[in-house]
């Protein structure tokens, strides 16, 4: 055990500082963009440092009654969050996008995006499940503020749906949290640390199964709403399609994962109390429903950002099912999470570029993308193929492992159904991709990449996806194995 | 004694929710919410008194300040702005609403049976009412069309949870409590901003018009 | 052999890298093409080495994709046959591609095409080398993906985009089935084929059957067996022609390879109905494939449908192998399998050649519509001669290799008539009848393909102005033509090797049944022999003698060139010729029940008199049975469901919240109900 | 006497007999129709005349047009080296069986059809299209009939089939044999362009098949093609004669046996020719689109033949 604040502060402070700086720095200067990127990189470095600590066998904790704690699972999520935050700082609204946003809007975006990152980082590093809840609730608030960055009827509508459904859902998760605490207090008595995940887990054996089952239903519905699990997913396509692309990238890339993280934490406790069958059944049920609904929704989708949003629901459903398929399933699910973070964030950034150029969110109006913007188009194609689970990208590996886990777990029929829906999703996504990439470009659209440097970081994303698909780095594998130890029951 | 008092307090809090179902005017809704918040603060104080827990007093005071006074004031301001828009045609009419509210409370009794059976706290008897309030609030949010009413429903939902926490556990850890308060306050402010935004862009706070985004 | 393996991988990889790095000019084309030729040569060497030595080659790369168990490679006889076949087409295709893709010079598509082509050939070569679930599926997907991008090379045309979609859709459907089949096999643990074999041995019968059926669907979709063929006549013509050659010549054979690997090697064969299923699909594909090919006016689509036919013919042999094995007629099974393998190799040679020929035609005239071609034999004598050779081979006419494998298949099916079960016997009789009908129709089909395209008067100015193709393209075609001749002449030496490959798969010791007597081929019972070499020699001798005799004894008066005689009409125009459509008309009428042609004739008369016609337009289409009655309903159903699901996303926030609460209440109710139990 | 001389000898005999067979059929047909008719040796005279005549070639035709007659002729002659005309077993028996024979003939048809398309005349295209249609549809019948014959022997080797019938004469009347004979007879009518499928004596009708293909040929090329057609007829007849009733075929190679074999062969050919003449006198040509009916009838016969063969095993 290591109880020092340094790693936590280097992880958590930069986004806070960034939020404050954004208030004072001029919005349109390159320097403010650079400051943001540097701060995000510091945070990312801290997250990677935490990974190394964790792999060294250290579990850093900090704060009164070990309020913060980082184990392998937290470290992985922290890296994901910091990674997408960095990309967002580099590619988000800022210099070069003046024609789309006013300085006020850019500033507002920077402030709240930084706060958003901060809340997510707190959520994944908090040991106290109450604090985790607070942080996740706060993610809704701070992100909802910038969904209608450019006010329009659609964006206001989306943000209202997002905040209302998100808040109601997350409130239910609080009911679950209170119920869990209630059971603990009833048995063990009141204690400041009672909401600490470690304490809950340590006392799991004495908790009451009926109460914990009840609590888990609330928690699953609650955090499931944030994670975009069907049938609570309804806010997601709206918010993701209307938000500025950099925010969509953060939401789709990591917010869903953070919500899933919360479910995993609780699942570990619940599984120790009532055994794995009960939570697994629920996870598989919701996961399959999400996968099915999302796959079918992809078929006749008309807008590409909504397409990506539904694809997020599909992948979250898959990850959710993976959590229920034994250690190998958890392994695959986490690998999938990482892949999805990298791929989906990239896709939303790219869709932002496409939206800028074509000025329309409709798939039918986008054609000849490869000719109009060769780099963006190529990366978009690569990202979509990655999302479809094709080699050499990482999702091939994670989906394969996930299915293998399912078959090894004896769930052949379930996996057969999964395969059918995956195939439906595949064909539909591919059809839409085809339509966008090829064909003649609309006459009024300007040819040429234009500020091509902006996609450079995304080339890194593709490279990362390929690395994840060809040879997962050893530390990553080790980290995933640690996570399986934590959550693989 | 404590048990009866807590049930009594919880009933008052729940009644606040049912009043929302019954009345249609915005002012009446705000009144119901204020009444409910005050009742909740009183119940908290009562539990704090019997449990000898100073933290609960503090929480009760804060609650009174924020939800009993602060938020109602802001709500009043909004009412002056859109006061003319009443809940004229909810999805479910008043009589049915009240009936469903009753059924939801019964459902809460069934669902919370394991809770009541495991707890040794004297206040546990009020817990079904707290969960009942949660359900009723959800029902309000679903069945009412004005954005403002939905905000009120959401605030009541939080009141229900607070009631549940205080009855079941005599209050959650203070640090969590502070965070929750912050969230509630911030969340309310943001929602309020959105309600104004809706009013600006749609010239009405009727949520039914928010149906552009489909598929 | 390790060296050859690495040379192969390096060759293709260099080709891919060079295509990306050296720009979009001739240098990149040549460098990438030649690197691929080196890779293909190494692949051929590796396959030949394994075939000759009889020992396998294996290599593990546990560091790649370590988190899923790592990659493993192994090449045995069966794999070697398919690696050889792939390399056989790959080298000429690469060479041909150098000339063919000159049109892409200076465009980014050039880079993509060169890169994907090498990637395609590499992953296709590694599929038969793959040892184990992950490796196999990885390269399988790589092969599909790379070929998809190659199909999309000329994506500006709308039908290409549609073709790509059908292609990847069907491929993915198949892949899903394969994933199911593979993952049903082991219950965890390592997944090399040795382990899978052990795992399969203890599987319950139902699961084995399921695995096999899934494999048939999955591999059948890749092989293009009817009714899973719908992508093939769309995608193969859409691709650049050397890619079509690779896809038709080699890639669809991977479906056959997979079926053999899973069905015979891993599962070790099964009940008789497995064989019957494959035979049934094979017969259906063979006959319908050639019937579709016959009515096709698009030269490349004709060739694509002919690939469906030939895969069907191969499947007949494979199915017979399955069937005979289940009936314990092991030598017959090995014979049938060897015959099927030989046909697979032969088809690779002549179909590759024909697609390249069609590509040369397309290159020279800009059209694939045979009704706009004709007379190319004058402008493109080389291409015409090579295409003719390919046509004779594919029509199964002696003395070329197509006939040899057809003869072998006939002989291989013959023992089935003697099977104890009358059901099997009847099936075999029907299969034989179908095979014969297919052969006859194929001959008609390729008379049309060659005759309409290359002979008579050009039907369009483009065809009249056609020129011979670049020598790199001609070299590619010549190599495959040489392969056709070699495969026929050396069949007596090749068949024993194939027999040795086939024997262990059906459970016989290594050399397998004897298929050779001296320089002739012989059935295992020794009762029937055939020698393509002697037939060719006799034929050649007779023709030579006849030619000399005619020269010597017949009239020496010089040849007079005149107009084609035409019942007294003055000028002959191309409009008077038989067209591709007209050529197929009799068969179209005869098989009208199947084609269900719809004809639409509209005549514009002269305003003054109905005896004068201004224009006649004729449009005719045949019924797309499978698209309309199999795929369209499924697609419509999915779209319907999709629409229904999307009505959930109604826009009403109340409805959304209601879903949330409903989910909560349902789960709570479920909890209450199960909790009380 | 070396057995290797047998092959050229068979070829020579076939080449000599073939025009005579055509002439004989024509003569018998004329007699049956109460016409004077040309003498049986008329085809020999025609061939001599054609070889001596000038050749006219269409300006549209390519080298293929000039090469095709040799290939057609060559394939027909090669077949006569494989078929047991005079003796069994043949030296080249190991080089090709019944399937090779059938497909060699198809090779000839293939090139003839191409040659028909080459000059670009509508007649040529029409003939090629029809010829290939008929050939394709005749294939399954032929194959099944072959297997009906082969089934009892277990081999498609011509020599083996003939020897088997020689050694067990009762086989000749086995139902499988009889049905297969009927099937092959019908196929013979179709493949050799006889009535009711095609009219060999027509030269300019919209119903013609074979004649339409060769309309552009003249001089020595036409001679080769006519000769090849006659050879094809002879091959089919001798298959019918020597496979189903192989008596007279030499099984030891002595000049006497071979002579006797040649005589019996001639007699069999004459007999079958008589049957053809009779048939052609009595029936009219079928419409083209009713030809498939005839061929499906023959297919059924062949199917029954196979079935009978393995039912009676």
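All chains are identified by letter, namely A, B, C and D, in their written order; residue positions are counted from 1 within each chain.
Everything that follows uses one rule, which is that a contact is a pair of C-beta atoms (placed from the backbone, for glycine too) under 8 Å apart; a residue touches a chain by one contact, two chains touch by 3 or more.
This is a predicted model, so every value here is computed, not measured.
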| item | value |
| --- | --- |
| Fewest hops from chain A to chain B - one hop per pair of touching chains | 1 |
| Touching both chain B and chain C (chains) | A |
| Interface with more contacting C-beta pairs, comparing A-C to C-D | C-D |
| Maximum centroid distance from chain B, chain identifier (CA atoms) | D |
| Centre distance in Å when chain A and chain C are each reduced to the mean of their C-alpha atoms | 43 |
| For chain A paired with chain D, centre-to-centre distance based on mean C-alpha positions, whole Å | 78 |
| Chain C and chain D: spacing of chain centres that average the CA atoms, whole Å | 35 |
| Chain B-chain D separation of Cα centroids, rounded to whole Å | 100 |
| Per-residue overlap in chain C, given as positions that touch at least 2 other chains | 646, 649, 653, 657, 664, 668, 671, 675 |
| Multi-chain contact residues (two or more partners), chain D | none |
| Chain B residues counted as touching two or more neighbouring chains | 111, 114, 138, 141, 207, 210-213, 215 |
| Those chain pairs that satisfy the touch definition | A-B, A-C, B-C, C-D |
| Residues on chain D engaged by chain C in the complex (per definition of touch) | 11, 51-64, 70-71, 73-75, 77-78, 81, 92-97, 99-100, 103-104, 106-107, 109-110, 113-114, 117-122, 124-126, 128-130, 132-133, 135-140, 142-144, 147, 150-151, 153-157, 160, 215-216, 219-220, 223-224, 288-289, 292, 299, 303, 306-307, 309-310, 313 |
| Footprint of chain A on chain B - complex, ascending | 111-112, 114-115, 118-121, 131, 134, 138, 141, 147, 150, 154, 157-158, 161, 164-165, 168-170, 172-176, 179-180, 182-183, 186-187, 190-191, 193-194, 197-198, 201-202, 207, 210-213, 215 |
| Chain C residues touching chain D - in the complex, by the definition given at the top | 374-375, 377-378, 384, 388, 392, 395-398, 403, 406-407, 410-411, 414, 417-418, 425-426, 429, 432-437, 439-441, 443-444, 446-448, 450-452, 455-457, 517, 520, 523, 525, 527-531, 534-535, 538-540, 542-543, 546-547, 550, 553-555, 557-566, 572, 574, 576-578, 582-587, 589-590 |
| Interface residues, chain A side, partner chain C - complex | 160-161, 164-165, 168-169, 172, 210, 213-214, 217-218, 220-221, 225, 231-232, 234-235, 237, 282, 293, 296-300, 331, 335, 370, 374, 385, 390-392, 396-397, 400-401, 403-404, 406-408, 412, 415-416, 419-420, 422-424, 426-427, 430-431, 434-435, 437-440, 469-472, 474, 477, 480 |
| In the complex with chain A, residue positions of chain C that touch it | 63-68, 108, 133-134, 137-138, 141-142, 145, 152, 155-156, 158, 160-161, 164-165, 168-169, 172-173, 176-177, 179-180, 183-184, 186-188, 638-639, 641-643, 645-646, 648-649, 653, 655-657, 659-660, 662-664, 667-668, 671, 675 |
